[in-house]
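Next up: some structures, all given as structure tokens.
After this come two complexes, each holding subunit A, first together with subunit B and then together with subunit C.
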Partner chain A sequence: MKTKRDKRGSVTAFSAVLALALLVLGIGFLFIVLYMGAQRETKNATDAGALNVGKKALTDISVPVMPTDVFADCASDSIDNNALRDNKITLGRINRVWSKAMLIAINAEAAGADGQAGSGSGNASQAVSGAEEISNSLAAKLKTPSNLHGFFNELSQQNSVRMIGVGSSTQVLPGAGWQTSLMDREAESNIELTGSPSDNFYLPPGYSLPAGASTQCTRSPKPDGVGNKYFLKGYVPIQIGGKTIWQVPFKWDNKPILVASSKFDAEKATTKALEWSNPVPNAFSAEGQALKAGAPGEKATSWVLSNPRKPFKLSAPHSFLKIKVDQPKCHWYFYPIPPIKVEFGAAQNYDFNSSPTGMTGTTMPGGGVLCSSVTPPSQMIGLDIAGRSLDEVIFSLPNLHTSETKKVEDQMVSRANQMISKPGVVITPAKLHSCLGSAVTRLALIAGEKNFYLFSKDGETLECLPKIAADALAFTWMPLISGKDADGTEKKIIDDDYMPGGFPLPHAPVPLPFCSPTPLVNVSWVLWDKDVYWKPGTGYNGSLGEIRVKRWSEVHTVGVCNPL
Partner chain B sequence: MTKPIRTIKKRGNRGSGLMESVMAAIILVPIALALLDLTVMVIANSMNDTAAKNAARAAANQSTGEAAHAAAELTLKTFQASTLVKSLKINDFDYPAGGKGSISLTTVMEVKLPVPFPGFAGYTFTAKDVEPVVGTKVEE
Partner chain C sequence: MNFRAFLVLSAAASVSLGLAGLASNAAFAQNPPTQPGQSDPATRERNLQAAKSKYLSIMSTERVNITERIPINFPLPAYNSNVTRTSFINTTKGSPTATAGIITKDAPEAVFKWYQEKLRNAGWSSMAASPKLMEKLGKLGKVYMLDATKDTQAVKLSCTLDPATQGTTVSITWVKNR
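And now, the complex of A and B:
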């Protein structure tokens, strides 16, 4: 039997149930929100930690090099050659090491093609082996996750994960979440080439960079400022004289960035193999775990692509080109039986500080046709060098051998560019001539200096100074290497370039008995002569080569008499 | 004379539902409103966290302290003020000297609760984020 009183209190009961349901839903909602918030906080903390890994991996993991090591000059993030080195090769610097080894190999290859390799080929092999050794050590360190854990914790622990609980923090979760990858394959490295393919990147004359070794900026859209610069290509084998050179890609002016796991995984060495047996990675994954009172809470993984944002030019930072000026001499020639010429008498020295000067040669008995003796008239000697700068001594008159002179210029311009580390700076022939033609070289020559060093103290500008000044200006490194010789063999490039050194002067030979000097033919004239030698250096020991200039004068005296 | 007959009416049911509803409402409405406030607080806290994260990330991508602060401010401007979010601003900003290290940024968000309770009309949320500076080049 139903009564109407059954309904009484039903709303209260319903309300109580509803209130309970609301409370349960509310608490459930709160827990879900807290869980999701904790997940987001953990991910954010992991992102920060991973970014720090990508940043610190560039600078804080290193391979030591000895101060005397061939790559010690690459142990700096500065383009300034005088900046102190810390004897550490990092991820941000490894491309400097490989590119210096590449430059040494290129110089050896070019010298070999000219038959001037000397010990350069062996040095190039050692340089590439040395670079590989450093690279392998660095790769091993970067692939050891425990070396990166500290960088992760440094940042992840500073980020709050309060939704997990008060006092909780995100820390490293060691294991499979810590991997490396080789991303941006075939993109540019942070090594910029000088110039463009049209000027052969200012590499040694006759040498061409292998096809596919260089690229322009691969970022899309191209950032402002990169222009038409060319860079070495990353994660692509570059073959130089049978040796393989590698670069790690770092896209131009990119920052360390977080990347998607799919892209990261697709470029892992295990997924997509590289010819490089022990590649240096440029991307890292990091896994973190938010903990509360020792109990696992949330975990998250992030993937980061590193980039030092620090380009360098293809260079051998601590290097020089030596220029040697031989002692100028005056030689005396006679024509006893024309056109055969005979040198008679000791060659006489003349110099920059005493030129021009009048000189007289030794009297040559029988030094002319039907002549008892021939004595050269006093000649003005030294006008070919008087007041000249080093540039004029090498390149100016006599300059009939223009193609050979161009070869010398090309070699010097190429080597000068190898000293420059600052991207975008190109040493043109005009800049080289300006440097060699400075008042300093002019005064130094007058002061009796014969040995000069072409170098860059700051990786940006070129200097040409005597040894003592070069040692002083580049005091952190030049004194250690300025005594080294180029490792190639010397070859004469400009062979006896010459020109008349004034007007012919008449003279009076002493005739044989019953003879008298023939009118108008007894003259003496001066020739200015020049040889230029080139001894290539690979840069392995710092020397990029040696230019030797030989300037001399020849006084030719013709004596002719005729019978009375 | 006839005596009026007193009849006892069954009034017990009438109005009891209303009374029960009022009683239930006294319990349920505050719970529902409290849940609404809680939801607003949770969302606001999440927004503040995101704002701090985004501002710190933007700042970390800059190479100078001035540019970093400007970038962080610009990022916060994308968060629109509303009737509930009264203000969102940077409370603490620390850019490392020379861009070496990490940036630390704290945001403060003032939230007005949709259903103010006595003595609890609003709440101020604080969120801190620390990011490595990636806007600078490798230091020389």
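And now, the complex of A and C:
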């Protein structure tokens, strides 16, 4: 028979076994918790490292460009054209490079269509080749994992992995876990187009952007701030004049974000090929491992989609449009054999600082029918230019050639928009006229200035100033390029727009013997005339073109006598 | 055309035209003139018409028409105080454009103010060159200018002092863009 004491001993033994089992279970649970915690810590550290890769890949991996390089003006994250450039092209800036090459190609293509290509086509080819070279170098650097390892460690090591052990940290695990991908295909790049398809994105007149080259924001839901803006499409070949332009997609206002491995893998170049032979990636995978005393602990992989979150407008940042005003002249015409007119006597200069002024032409012997000589009466010359602004000199009376005048305006508005880097800013015709019509241009013309530069010092506003002032206001870049000529060929757009512009005055010709001046027909009148020439520039050397305005006056003097 | 060559040619042509005119003057060639060196009235009339037709051929080629009177349908009223002369020129092809000229004994400032008021009352929006600008041009008190627009019409008006008479020469250039 068992005693009560025996029963109690049995419970004690059972308790001991149970305690041991519980201890084992507890220790096991603790190990599981530690393991899972370590795994989570490692994953967190890897995520942090990967996000830093996605961020630093945008700014810290770069291709150097010479300060004189055509793309040196793209070597900045600022829209301010006067901001100093660091001569580095990064992932965050590569779309600026490609889009500038695209603008150059578009300008060359448009000039070619107008028969004004000049050396623009060759320059466009060089620009696209140059952009491709930079792009390839950048792609090679971004696809070299060792270039990214430092960014990973920089942040992953700061993340605690205490559950692995004291003093342990997550570091790069080199190898197949480091790959790149081409995500968000056909989504927007960070290059915004000016305006909308309805206004042809303010591209050169007659040129149309290829279908499928642009898109609106593809984020869903669409963020409030993006409105109806249009962007270039990423990872889509954009054909401009037989040249292929590329963009890297960066969805509007997205930060670098972690993405699922399945999405990352599906968009890898090896999984889904792109026409782009050496694409610049926008997504990176990173693998890290947590180490304890030199022995491997946990390892984890993360996938990050990069985004500079910095939009720019399609632009050639350091560029200008030159406006040249020819010396106004007064020409004197006579009609010795009606109705044929002939110019007689040297054309006389008049100017913005002396007009209006009375002028008299040279007496023409035999300058009229049965006239011994004809002398034009003194005419008031220069009322067409007196006190005028540059805008009025180009666009004001005579402006009867309305369609040609519109062409000039369209070319200038298009080029002005190419100088602006700040997204959302549109140079409308009204803004252009306001700039050209400033008091500064009026006073500069009176002061004798004939050469003006239209440019943007800050990538946002437009200026029109004489060369010396332009060089001073955009001192970091304008003096280097202001001497460059447009690479297209000149063409007259407005051809002899004219109108009567003065007081028709009677005069008395000297008749031949036995003749007398015919009453009411001996008259002299003034015509205001204007030619406007356009020489397109691609922007390859900074010049987006040249407008040349020729203003002149014609004094027509009819001398008619009849036999007595 | 080379100018010297043209000069020789034109002088020769002018003289030959004159001689032809003289030769075709029947009265001069066949009948004694009514006064020494003067043809009979009928011939004179023919000569005048021939001369005027030459003038008209020039006007037609140059596509302008010149008259002394400003048409009543000219978009701006004509200043009518102390006027000594008017003239008018318009194009006959292309977009309509014309210039009216008026010479008056009145002072430029008064004439200019008259036009400013007329333009304002007729609904034109105008912008006058500031005295500061005219001073820069060295024309302060000598020339007054304004630009005005209304719908598709534009006007450039100037009132210039005639130093000899202290009167004013008004020039009104008008254009209508289609």
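Assume the second predicted complex is superposed on the first by the 556 of 564 C-alpha atoms of A that agree within 3 Å, B and C clash if a C-alpha of one lies under 4 Å from a C-alpha of the other, contacts with A are read in each partner's own complex, and residues count from 1 in each chain.
The definition used in the following text is that contacts are C-beta pairs under 8 Å (C-beta built on N, C-alpha and C of every residue); 3 or more make two chains touch, one makes a residue touch a chain.
Just so it is clear, the model here is predicted, and its values are computed rather than measured.
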With the two complexes overlaid on their shared chain, look at subunit A and say whether subunit B and subunit C clash or fit. fit
By the touch definition at the top of the document, which applies to A:237: first (subunit B), second (subunit C), both, or neither? neither
First, second, both or neither for A:155, with subunit B first and subunit C second: first
Of the two partner chains, subunit B (first) and subunit C (second), which one does A:380 touch, if any: first, second, both, or neither? second
Go through the superposed model and pick first if A:446 touches only subunit B, second if only subunit C, both, or neither. second
Thinking of the overlay built on chain A, is A:429 touched by subunit B (first), by subunit C (second), by both, or by neither? neither
With both complexes overlaid on chain A, does A:400 touch subunit B (first), subunit C (second), both or neither? second
Considering only touches as defined above, state whether A:518 meets subunit B (first), subunit C (second), both or neither. second
Smallest separation of CA atoms, subunit C relative to subunit B, angstrom: 43
Subunit B residues within the subunit A interface of the complex: 10, 12-13, 16-17, 20-21, 23-25, 27-28, 31-32, 34-35, 38-39, 42, 45-46, 49, 53, 60-61, 102, 104, 127-140
Over in the complex, which subunit A residues touch subunit B? Could you list them? 4-5, 7-12, 14-16, 18-19, 22-23, 25-26, 29-30, 33, 37, 40-41, 44, 48, 51-52, 54-56, 58-59, 76-78, 80, 83, 92, 155, 158-160, 255-257, 308-310
Where on subunit C does subunit A make contact in their complex? 1, 3, 6-7, 10-11, 13-15, 17-18, 21-22, 25, 28, 37-39, 44, 47-48, 50-52, 54-55, 57-58, 60-62, 64, 66, 68, 87-91, 94-95, 97-99, 101, 103, 129, 133-134, 136-139, 143, 145, 147, 154, 156, 158, 160, 169, 171, 173, 175, 177-178
Under the stated contact criterion, what part of subunit A meets subunit C in this complex? 335-339, 341-344, 353-356, 365-371, 380, 383-384, 386-387, 392, 396-400, 402, 442-443, 446, 499-505, 512, 514-515, 518-521, 523, 525, 528, 556, 558, 560-564
